[in-house]
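Only one structure is covered here, and it is reproduced in the block below.
Per-chain residue numbering starts at 1, and chain names A, B, C and D are given in the order in which the chains are listed.
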Amino acid sequence: MSGEGGAAAGGYTGTERILALSDGVFAVAITLLVLDLLPAFGAAARPPALGAFLHDKLASYLSYVLSFLTIGVIWTNHHQMFTQIKRSNHVFLLLNIVFLLWVAVLPFPAALLARYLGQNGPDHKDVVATFPAGHPLFESNAAMAIYAGTYVVGSVLFNAVWWYGIRNRRLMGDDTDHAAVRRTTWSYYVGPAAYMLDLVLSLFSVGAGLGLFLALAIFYALAPLPSMNRLVAPKHARV
Amino acid sequence: MSGEGGAAAGGYTGTERILALSDGVFAVAITLLVLDLLPAFGAAARPPALGAFLHDKLASYLSYVLSFLTIGVIWTNHHQMFTQIKRSNHVFLLLNIVFLLWVAVLPFPAALLARYLGQNGPDHKDVVATFPAGHPLFESNAAMAIYAGTYVVGSVLFNAVWWYGIRNRRLMGDDTDHAAVRRTTWSYYVGPAAYMLDLVLSLFSVGAGLGLFLALAIFYALAPLPSMNRLVAPKHARV
Amino acid sequence: MSGEGGAAAGGYTGTERILALSDGVFAVAITLLVLDLLPAFGAAARPPALGAFLHDKLASYLSYVLSFLTIGVIWTNHHQMFTQIKRSNHVFLLLNIVFLLWVAVLPFPAALLARYLGQNGPDHKDVVATFPAGHPLFESNAAMAIYAGTYVVGSVLFNAVWWYGIRNRRLMGDDTDHAAVRRTTWSYYVGPAAYMLDLVLSLFSVGAGLGLFLALAIFYALAPLPSMNRLVAPKHARV
Amino acid sequence: MSGEGGAAAGGYTGTERILALSDGVFAVAITLLVLDLLPAFGAAARPPALGAFLHDKLASYLSYVLSFLTIGVIWTNHHQMFTQIKRSNHVFLLLNIVFLLWVAVLPFPAALLARYLGQNGPDHKDVVATFPAGHPLFESNAAMAIYAGTYVVGSVLFNAVWWYGIRNRRLMGDDTDHAAVRRTTWSYYVGPAAYMLDLVLSLFSVGAGLGLFLALAIFYALAPLPSMNRLVAPKHARV
């Protein structure tokens, strides 16, 4: 089902179409996270006791909030990327689809985390593997490590999309602020390293893994603020 | 995955991107409400008797209609907000994502209400807790209180988004009707108080809780009408 | 959460925002129809035999195709409505939300039809009720009647939205073709009557109910063609 | 619910509305693929062992990646189609809805493939049918053949939409590159034949069927590249 339809325009097109599909996938994936909270469809005649049901979902609430906020922050960064990248070509389209494949799968590690977060009791079956030094790997550690590992992959993909777009100024607009692009590029490099560290931490402590993950979400949410606030002052003055 | 891409424009951008994600999350969340009505996937060879199946879903129909209309009214108010707020910055983006986190979770309290609305029979297990005065808290009361409580949180978040946008006219357009903004601000203040009252009522009477909730939905649906009708007259004259 | 934000513009706004939410709800509802085809989540170690599984889903395929095409045709008509209706006000917004409430619920009657279409065997439990004349109402007849009845409601709602929009030319553009609007209004009147007839037919014969329903979908899909083809000729000449 | 609203404009309209629904259906269908990975809703008190759970999902990961990438590539081709097709009429709208019916059903063959890919052991029940020459048709072969067969249908529908649009230049823009359209038309013809070959191969070897399917996805993803790269050179020179 290939085509050369876009060739007439030199293979370059605008980014509206990419953003339409991307926003759709982000919106659906982020909203499907709620499925993990819902009671089983086709319930029995008598639902479980409400208090116990709500208590059993504690890990699901945590996973929902952590995943929703993180995906939301990634969405803001995905859109900020498109304040610099103004054109698209076929390779960029394909790279973005691979990135969306990753976005759409995020409810999966979120559900694993919700289901296995509490599985590190004395029960022998909770142990997935034993490290060389005899340290047991509980299911809770493995689920948190898988969760962090998913974001290692995602931050690498995000870097690949960005790198392809700015390489030789391939897809950038003419009025680009090159110093800002360089700073953005460096800030993106932090992602893979930080999530890899989180993966390793998670193998030893679920709490440390969760804590660093939350800290990274807050860091990425707040990182663009300083540059903004610097620039807000004259704006306030004008008003 | 942070970036400073938007900094070149002074940290301010239009609101199209926010509306694209918001409309997507609203559309998906509001449509996922139907999941609670569907028969269990992977049914047995012989489905349950149709009449009994439909009858067991009575609370689900009520919860579906109540939730759909309320979310729909919130969507109209969210969009009306953007007739005054014309610009966006990073903090506003983050506040809106937290608000969308709340929108996306709404199928959860809706499903709880549907499942536990009928659980206030003489069965001892239906009692979640006992108030100091010996009044039993049935599961139906608790589910209705959780449902109302969700909207306490939502109306606070809605006020926060609005307050941040209009504070110092930060994100407003130049042609703002300041009297209308003040009236809007006061009408938004009603939300948290009214839903908190509904939460307390629900603890004592599910019917009163449901009734006030429905009344609030109708109130918010019809509240913008007087100002509109005042202004419709000249329009009719022109036609 | 009400507001008077839109009042400044006389209570009238464009229709882009309505179309964004409507297209979202249509897209999600029409795509959720596939859930009824999917194997149960969390399957057993050994899935059922493939041939038997596919055979058991025969009614689901029929319901999927019938529902998808009908919703698709309604979407085309909903959009054609907006070639005449160019403005919106708060009442119109609310009417459209009630219409979307109906769109979003469509996977429910579709699932009922899929599940109960084959339930009219000699099994006594299949009989939902007995008519005065002693005619038994099988579950298959009841499911088909509910399915048709849903579209009675929908076509009434569709007429209400249309009627409100064209009444006194309230929301129409200035370049309206009034003869076309009158013909459209008459063709919309057919809907409630035809679907009501289908409901009654379904009580006596599932086949007749299905057949008329399919015929109506084809009729509504093809009805706009004559006027279009009349106008296509000069276009061809130009090319 | 038919209308003649669009007739005033000669039955021709722009393509924005088609793209809005199409992008919505693509985004939802592609994101629903993740449902097959999720643990069963309403899990038991103790989830299954994590390692075994992840291992049981191996075929689901394969099906997810294969289906997501293929649907993504089809989306890029659907959009490239609209760089040549600039107008729409009612027949084109209907053809596109039938195509979307096919897009929305794709999670179904993906789930079948995931569930039955491993069912070709010595177990007698795995055999769906026996070919005349005594060759057994395992469930895994049948599932792969159904998967490929779905794409035979899809590529025929895709050709029909394209063929209707370019026939007599009915819906094309005025600045069409006719040589490019002819090449595109020929490349689209490859689809039905290639997927039919894949269907036949799948009956004899699941591995060969999977391999050809993956090769086709890569071929269609990369096919537009040569023409693009030819044209990129001057761009690079300019920069």
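The rule we apply is simple: a contact is a pair of C-beta atoms (placed from the backbone, for glycine too) under 8 Å apart; a residue touches a chain by one contact, two chains touch by 3 or more.
These figures come from a predicted structure and were not determined experimentally.
Asker: Once the Cα atoms of chain B and chain C are superposed, what angle does the rotation have, between 0 and 180 degrees and to the nearest 5?
Answerer: 90
Asker: With touch defined as above, tell me whether chain A and chain D contact each other through largely the same residue numbers, more than half shared, or through different ones.
Answerer: different
Asker: Could you put a whole-Å number on the gap between the CA centroids of chain B and chain C?
Answerer: Spacing between the chain centres: roughly 26 Å.
Asker: Roughly how many whole angstrom separate the Cα centroids of chain A and chain C?
Answerer: One centre to the other, that is 37 Å.
Asker: What whole-number Å value describes the gap between the mean CA coordinates of chain A and chain D?
Answerer: Taking the mean C-alpha position of each chain, the two centres sit 26 Å apart.
Asker: In chain C, which residues are in touch with two or more of the other chains?
Answerer: Expected reply: 20, 24, 27-28, 32, 35, 38-41, 43.
Asker: Report the residues of chain D in contact with chain A in the complex, numbered from low to high.
Answerer: Touching chain A from chain D are residues 19-20, 23-24, 26-28, 30-35, 37-43, 47, 49-51, 64-65, 68-69, 72-77, 79-81, 83-84, 155, 158, 175, 177, 180-181, 183-184, 187-188, 191, 219-221, 223-225, 227-229, 231-232, 234-236, 239.
Asker: Which of the residues in chain B come into contact with chain A in the complex?
Answerer: Touching chain A from chain B are residues 1-13, 17, 20-21, 24-25, 27-29, 32, 35-36, 38-41, 43, 89-91, 93-94, 97-98, 100-101, 104-105, 107-108, 111-112, 115-116, 119, 125, 128-129, 139, 142-143, 168-170.
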